[in-house]
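Look at the two complexes coming up: subunit A is in both, with subunit B in one and subunit C in the other.
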Partner chain A sequence: MTAVGSAGFRHLSSTSVCRVTLQTKSGTEKPSSPWTLMAAVCLQRLPVISADCSPIEQQFRQMMQRMELEKSLLSDHELRLLEDSERISRKQADDYDSDEEENRGDQEIVLAQDLEDSWEQKLQKFQPGLRVNVCVKSSRHSGEGVRARSVPADAPLSCLADADEDLTSLERCLADPLVLVAEQQVGGDKLWLLPQTRWQEGETLRQTAERALASLPAAGLKATFLGNAPCGVYKYKLPKAARTESAVGTKVFFFKAILSDGGAPAAPSASLLWAKKSELQRYLKPAYMMKVERFVLAL
Partner chain B sequence: MFLRSVCWSKADFLLLQVTRQAFVLQRALASCRATPSLQHPACASVNERQYRTMPTHGIGRWRHLLPKEAPKKKKDKLQMKEILAETDTAYGSLNVTVSGYDMTLVEHYSQYIHNLCNRLGIKVADSYILPTKTTEVMLMQEQGTKMFVDAVLKTHERVVQLSSLEAAACPVLLDVLLQNQPEGVELSVSEHTEAHFQARFKGRPELEGLIAQLTY
Partner chain C sequence: MSWALSRCLCRVLSRQSPPSSFLLAEHHRAVQSLWFAPMRTLKISTPLRAEPKKKKKVDPRREQMLKERMRKKLRKLEKVAPELIPIEDLITPAKFLDETRERSAPRLSFEDSEGRALLLKEWCRYKQEQHMAEVQAVELALEAQREALDELKLESEELYQAALKPDPLMFPFTHKGPVYTPPKSKYEAPDGKYNDITKVYTQ
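Coming up: the complex of A and B.
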């Protein structure tokens, strides 16, 4: 498996080296277990930017920067600046003899100070992206909502909403990892859980998880699965009244996947959410949550 | 008590010394007669201490107790570690490559990966550095067709080679690595092949020329 993750929106590319296909034994009958097997996918969107430092971390970082600056030696550029200023002061002295000067060539024409000024100008022109995406709820130009990266200067503040609060948006909380939660029909009730689907004969559990991801209404969610082994298990026993010989309960196996491409921003559907680990508690059932939070990492 | 002990030491100590030396000499002679081969007094058997002037001569000797080490060769050709093949439950030799422009980030991240694998019990076969590649960014001049050098970027690469990664540990490790990946650093996991190993060496054109001449 080859995976490459780079900064920016994580682009993951993976090539499966050798997929071991499940060989179904013909003739031998496997004892059918009373558990229905399901596979669920824990799709994560990794953080896009690094998290803000806590106050102690900021103080430490400032102290380390000061220490490193004090202990450091002068760089080439700084040495050049010093030489240039020396040369200028020598030129302006009364007893200046240009023949004694070594011929520097370029350095006399383009002073290091000029280079620094041109770099400063370039820095002024550069505008870094916003750390928190702002979602413009109602635009002045068209009736539909427009998601903009940089806020126009004269947009009225009342119609700006923090994209962090829009739970269906993929661009919320760029510093935290988000998990996809879907509302699915499970045995009569609509529950919030990680997208799952039932296992069928002849396919591996990972393929079942991939099918679960593909069956979601959101289109264009491309994911890379991390490995063939599940990362968690949830066992659900049916209430005693509903239990029969062949159906004692369900076992759900969770597989981890990383979102590689969000695709076109689909219309926000009410049944899909991107939630942080702290928000998962609001949506998932307690027993389910206990098993899920063991493998969802929020570092 | 004190005075008496002093008196004793001066007279009897010398006597003791003499008697002890005589005793040892007798023992040494006896051993010599038993084994006719001459033994260098410094490396006699373990149980005997060789006396010089002080009875405590050679009391701190311990190097003769260590197992014999083979003489260390100065130049050791870099041997290729065995490339493990895939089994049903574990991946073979994997290369985790960390590359980027900022050397501190790249080095710290590769050290973090190494320490994490040690803690998780994943065997790390090797961890090496590939030579840095220098990239010159050239911009076109605004007036004119000449290109001038704008910036010089250096790409650093660090490789951590894992010998056998269990399939159950793989998603855990990858998730942790991806969540802790710093900005500006690329992570890539690939299989280790012989080509990777050979790429670390510089070509020797003179040697190849001489070999070609020999075979010609």
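Coming up: the complex of A and C.
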């Protein structure tokens, strides 16, 4: 009984403290929080082509096609094929009705098989875009296991390079969603992270994120921001030596955006990368990565 | 004074003889003058005692009743439910009920049918795993967003309120989904004319 009573008392006291803090916040003197606010943008290029089927998907697709064919009725084109083949076999046999032939003599007999052949030829003439950009494999420093502190050697190569390997190209890995990663100066170090910038008074966090995107060296990246609410947060405290009363650490709020078409392809620069979710681990720090991978959906 | 006078006058008038005897007296004098002296003018007074003319109140009422009945009938006829627009996809065209169109169904061997059944079960399992993974991923993303909003609330109330506001400019949002082959740059699509023969129904 006494334990319950004391717990209840504690609960009441905590809520009263909360109310007090809220009131002081709404008062004219706003105590500035010790956290620096920053907004970052998680810009994604959604997949352009459909992904390849896994083995079970391929098997299932073939089976479904066969089943559907078996359960279907004959189409007009197939009936026409059957009729034509029958007519030819009748003509070749010696007993055929000359009347029937005369009726159709003045019409041009276009066999259904001829139509099929002409369609096949037309298809051969058309060259669709290639699903995989064919390449000459380049020898390149892969950067595995290297902490993303130094500038990676993934410099853009000539156009013969494997477009999938060129991390700065937007045309790589057309079947997967890509995330934009930039190398920025944070504190004293250059780190790989999602493009971020500091929040200023008088603007919403979403506007800060838009400013972060606009301030990147790559011009012409048009994006649609998905809503006003942040999708994730990462907070870190400054090392004890640098901590002061008003600067304990930073909170970075992430905003999601989708790259929209129509932007002119920007000149590739060394500090911007388009990475798949599996490659993000190479560039982002582990604690940061843990927070980011939750909202980057790569299904 | 005047009121007393009028009351006296009333009493006087009421004491007079009933009008019939008065009229009879007059009549008597008139008859006498007819027989004995030629009539100069035939005085025929307006018929004061005839029965009043029947106004036939029933007629306009009858007309109104008739009109109302007609209107009600019209309304009943119009109340018929509007014809439903046929869904053309659900109507099998008559030409597909032809028997000559049937495909000869091939006989499946035992292994084939067993293989199909097993593949269907595997597919079921695969799809279920995919679905669970999707649901989990969505839950994680929502959790991350909730955390972000909590942190923002601790920071500043006005930024939190600004974040909660819906974005009116976002919708309508369109994005072309993944295709099988990527679009070719500088591809000239052939011009095609087409006649749209879809049937449009009006109710």
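Here, the second predicted complex is superposed on the first by the 211 of 299 C-alpha atoms of A that agree within 3 Å, B and C clash if a C-alpha of one lies under 4 Å from a C-alpha of the other, contacts with A are read in each partner's own complex, and residues count from 1 in each chain.
Assume a contact is a pair of C-beta atoms (placed from the backbone, for glycine too) under 8 Å apart; a residue touches a chain by one contact, two chains touch by 3 or more.
What you are looking at is a predicted structure, and each value in this text was computed from that prediction instead of being measured.
Judged by the touch definition given at the top, the superposed model places A:P195 against neither subunit B nor subunit C.
After superposition on the shared chain, subunit A has more residues touched by C, the comparison being subunit B against subunit C.
Within the superposed three-chain model, A:F60 lies in touch with subunit C and out of touch with subunit B [touch as defined at top]. In the overlay built on the shared chain, the residue A:N228 is in contact with subunit B and with subunit C. Of the two partner chains placed around the shared chain by superposition, subunit B and subunit C are both touched by A:L46. Once the two complexes are laid over each other on the shared chain, residue contacts for A:P177 go to subunit B alone; subunit C is not touched. Shared contact residues of subunit A, touching subunit B in one structure and subunit C in the other: 46-47, 49-50, 226-229, 231, 258, 295, 297, 299.
Interface of subunit A with subunit C (complex): residues 22, 25-26, 33, 35, 37, 46-51, 56-57, 59-60, 63, 67, 70, 72-74, 79, 128-131, 174-175, 204-206, 224-233, 235, 251, 253-254, 258, 260-261, 291, 294-295, 297, 299. Contact residues on subunit A toward subunit B in their complex (touch as defined above): 1-7, 10, 17-18, 20, 44, 46-47, 49-50, 177, 226-229, 231, 255-256, 258, 295, 297, 299.
Contact residues on subunit B toward subunit A in their complex (touch as defined above): 86, 88, 167-168, 170-172, 174-176, 178-191. For subunit C in complex with subunit A, the touching residues are 96, 100-103, 105-106, 116, 119, 122-123, 126, 133-134, 137-138, 140-141, 143-145, 147-149, 151-152, 154-157, 159, 162-167, 170, 173, 175-176, 178-184.
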